[in-house]
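In order of appearance the chains are A, B, C and D, and numbering begins at 1 in each one.
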Amino acid sequence: MSNEVALTGHEVIANAMRQINPDVVAAYPITPQTEIVQLFSQFVADGKVDTDFVTVESEHSAMSATVGASAGGARAMTATAANGLALMWEIVYIAASTRLPIVMPVVNRALSGPINIHCDHSDAMGARDSGWIQLYAEDAQEAYDNAVQAVRIGEHEDVRLPVMVNMDGFIISHAVENMELLADEDVQEFVGEYEPENTLLDSENPITVGPIDLQDFYFEHKRQQVDAMENAKDVIADIAQEYKEMTGRGVEYFEEYKLDDAEIGILALGSTAGTAKVAVDDLREQGVKAGLLKLRMFRPFPTEELVEALKDLEVLAVMDRADTFSTTGGPVFADVRSAFYDAKADVEVVNYIYGLGGRDTRVEDIESIYEDLQEIAASGKVENRVNYLGVRE
Amino acid sequence: MANLTEIRWHGRGGQGAKTASILLGKVASKTGKNIQAFPEYGPERMGAPVLAFNRISDEELTVHCQVTEPSIVTVLDPTLLEAVDVTEGIPADGKIIINTTKSPTDVKKELDFEGEVYTVDADGISTDEIGAAFPNTPMLGALVKVTDLLEFDNFKEQVEKEFKKKFASKPEVIDGNMKSIERAYQEVKSE
Amino acid sequence: MAAKKDAQKPGWKEVPEGGLILEAGNATEYKTGGWRTHRPELDIDQCINCHRCWIYCPDSAIVSEDEEVTGFDHDYCKGCGICAHECPVDAISMIKEEPSTEE
Amino acid sequence: MSKVNLKELSHQDERLTGGHRLCSGCGASIIVRQILHATQDPVVVGCATGCLEVSTTIYPYTAWKDSFIHNAFENSAATVSGVEAAYRSLKKQGKIDEETKFLAFGGDGGTYDIGFQSLSGAMERGHDMVYVCYDNGAYMNTGIQRSSATPRNASTTTSPAGEVIPGKQQFRKELTDIVAAHNIPYVAQASPHKFKDLVRKAKKAFEVEGPAFLNVLSPCPRGWRYPEDEAMDLLRSATDSCFWPLYECEDGEWKLNYKPKEKAPITDWLKPQGRFKHVFKEGNEHLVDEIQEHVDQRWETILHRCGETE
């Protein structure tokens, strides 16, 4: 049982949270996440959830309290964006290393400075090495699907890691789109009861969480985190399959769009992937063999699977809505290009940094990338490995 | 995207441009359309000129950039005609619907605009029916009239459902809102 | 490769996840008695069992059984001397630890 | 509330074991033991990064017999807020049924300074927790750097007594008062040498519904520089000189808990401590005077507030 509705990304995520009915939510408002917190507060006020809602005084405390709640055996969630995520930073790492299955929607927004409230991925990309699973969504529907699945992924006994559910700020969060909400009971059944193995609140079996971990054991604990990430790949795929059986929707690691016979392709994540589909359709009508790979799972990174999906392209453009300032390209580009090194596939990989601070990225902009790719395919020459799309010269 | 309709709403912060776009989106969605409704991203300040947008299509919508070439533009406040270029990006066969007491011919001249111009006194209608100037709901009636996006009776039925949700705490305003939609639908003027 | 000293310790597949310690109070396996330079000695005849030494001990090292102070847990006593200093009847004295003469 | 009887308390299990690695003669573990003896319920303990935390939970060992969580330096109060929220939620849902107490520790660095916001937030929200600051007046864990709890003219490694500047230039922040301004049910200042007072206050703090805050003076032989067996003497001089008044505020009612028969001169408190050595150099008499003056003023304020003056 599900129902078709038209909702904002905010409403969708707040409803996912209502349906998940977490034991604890500790959150602080920040543009463009604020409405999630507001809507969820109303659910709390109206008694629609059992959640103890902790209205913390900062994001640092939001993540700190969420860690405390999760260590206390609660199913715990928070949500944030940009500077809020930055303020949480220290504890974001602690949540992962303590192996707490916290689910956190992140409404992606440019990280200051200068201050800017609009969409890019500099917030979440900065946290790419924090040990959190990261899922990205093309639209509100996928953000919802990811949020529901994230609970199961994070809590899986082979994983036990926190999950960031990313959604483009304003573009998705503030837009109303058609989507399908599952019935409350279906979500409840899908996520199931949370049964933590160890909790602070089991006085029969008291535990110590977060001890000082020195040279003799720290490295072993970090090695375990990598192992959990490795396990997460199978778990994410399995849960996506199960979700697909229930809903007919679902992407495992990525979606391949007209990629089968494609000669040139783009890899993108977030809402831009949707815009890129329109560009691909236009080009296909003109007889251009263009394709698209929309990445859903960025952490862990599906190295082999990506190479397998992209190895027959002549040229691939990786779109990054954030820069690393390494001067050698964006974060997604770095991983994709590294993946191709071992594969020894004959694919030119170029990078387009785009949309920083909410700069609109239109179908024409994406078509211009495909034009570049056609030129590279024809000439065999790459003039600029890293390109800045839509920035004024 | 052959049957894609893109709409731009002009208003002032507080006039309900965003609400109107969302209401239109939600209602169109109920009639089986694929829709998007979104405000111009950013903080909304009372009185400042604001924008909101719709995309309505029979096909799935994946595009996520801003609307730059709307085929329909709706202006909630006549004073905006002097403040902003409401005709920006509208193709030659586009339509513009304005809340004003002026005639379409006069406005067309004023705007130096090639396409179709429609006017309706949404302030007057809402003042009569709701007791204050809420131009956004009557403008929806006018918009349905001048486009063939939605079938009017079905539209009204869905809007009423939305109003019942939205105004659950003050059901007395539903009738006035419905009447103002009906009147704007009847009273919108073309050249 | 792990250093020789650490090679005996459990590997990453064996230790509990997330740095959890599942055995509450297992610090007792770690003896801090070796930190001591002076050792408290109790004159049981003098002791009035007021338990001031017990409440002031930083190392939970005063042994009390059935409301009687019976001595010290030398596994943990670090020899700070607060007990001796605070004893109202001077029943505790601090004796310099001698190097072990055991063969 | 029943009187605190040490013999009775001695029947209770120790909840902080030996084998922790705090300094010989450290005040923090004395405070922890006294506070844990004030309840028989299971406790979840949170602790800010600091001496207490790094010395009691060195992986794979823990000195805590209760559940314990350390998260980071500045968030002991927020972390315990979260655990307490989990408890409330799970209890409401019938998933757990026992009584549990929540106890957060922080040093003065983790409480007065970097953890101040987190503390304020937790107190304002009204979580049912006892927050204990073990105040040793500097960042002792990392080598005695000054904090906003460091007394004026104390020499620390970041406010050293030099040729020109005689140690820390600011008087310490009155954190107990600031927390009291949150209008929480119970706030008190205590010291472990007055163990009956401290255990009683801890019992009260555990008993009240909502947040309670205890600011406890914690002797540190390393940072204060005194012979470690003299910790309690030093604390006595702290309360006898009125440098560290013992008082409490219950539901807005202030009460003085200890009034020395004769107020001791501040030099009794300063002199045994190496960190104040420079104030006794010839020509520095004014440094002692200004400390004395400040303590006198502060004492008057407290007496007045507690209704001890006409």
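Of note:
By definition in this document, contacts are C-beta pairs under 8 Å (C-beta built on N, C-alpha and C of every residue); 3 or more make two chains touch, one makes a residue touch a chain.
Computed from a predicted structure; not experimentally measured.
In terms of C-beta pairs in contact, C-D outnumbers the other of A-C and C-D.
Between subunit A and subunit C the centroid-to-centroid distance comes to 51 Å (mean Cα coordinates, whole Å). With centres set at the average Cα position, the gap from subunit B to subunit C is 79 Å. Measuring from the averaged C-alpha position of subunit C to that of subunit D gives a distance of 24 Å. Spacing of subunit A relative to subunit D, judged by their CA centroids, is 43 angstrom.
The set of subunit D residues touching two or more other chains comprises 57-62, 64-67. Residue positions of subunit C with contacts to 2 or more other chains are 15, 19, 21, 24.
The residues of subunit B never reach two or more other chains; the list is empty. Every pair of chains meeting the touch criterion is listed here: A-B, A-C, A-D, C-D. Listing the residues of subunit C that touch subunit D in their complex gives 15, 19, 21, 23-32, 35-36, 49-52, 54-61, 64, 67, 73, 75-82, 84-86, 94. If you check the complex, the residues on subunit C that touch subunit A are 6, 9-13, 15, 17-22, 24. Chain contact summary for the complex, subunit A toward subunit D: residues 23-24, 26, 50-52, 54-58, 60-61, 64-74, 76, 90-91, 94, 199-203, 206-214, 217.
Residues 6-7, 9-11, 14, 16-30, 33-34, 37, 56-67, 192-193, 195, 228-233 of subunit D are the ones that touch subunit C when the two sit in their complex.
Residue ranges of subunit B in contact with subunit A, taken from their complex: 1, 22, 25-26, 29-30, 34-39, 41-43, 61-66, 68.
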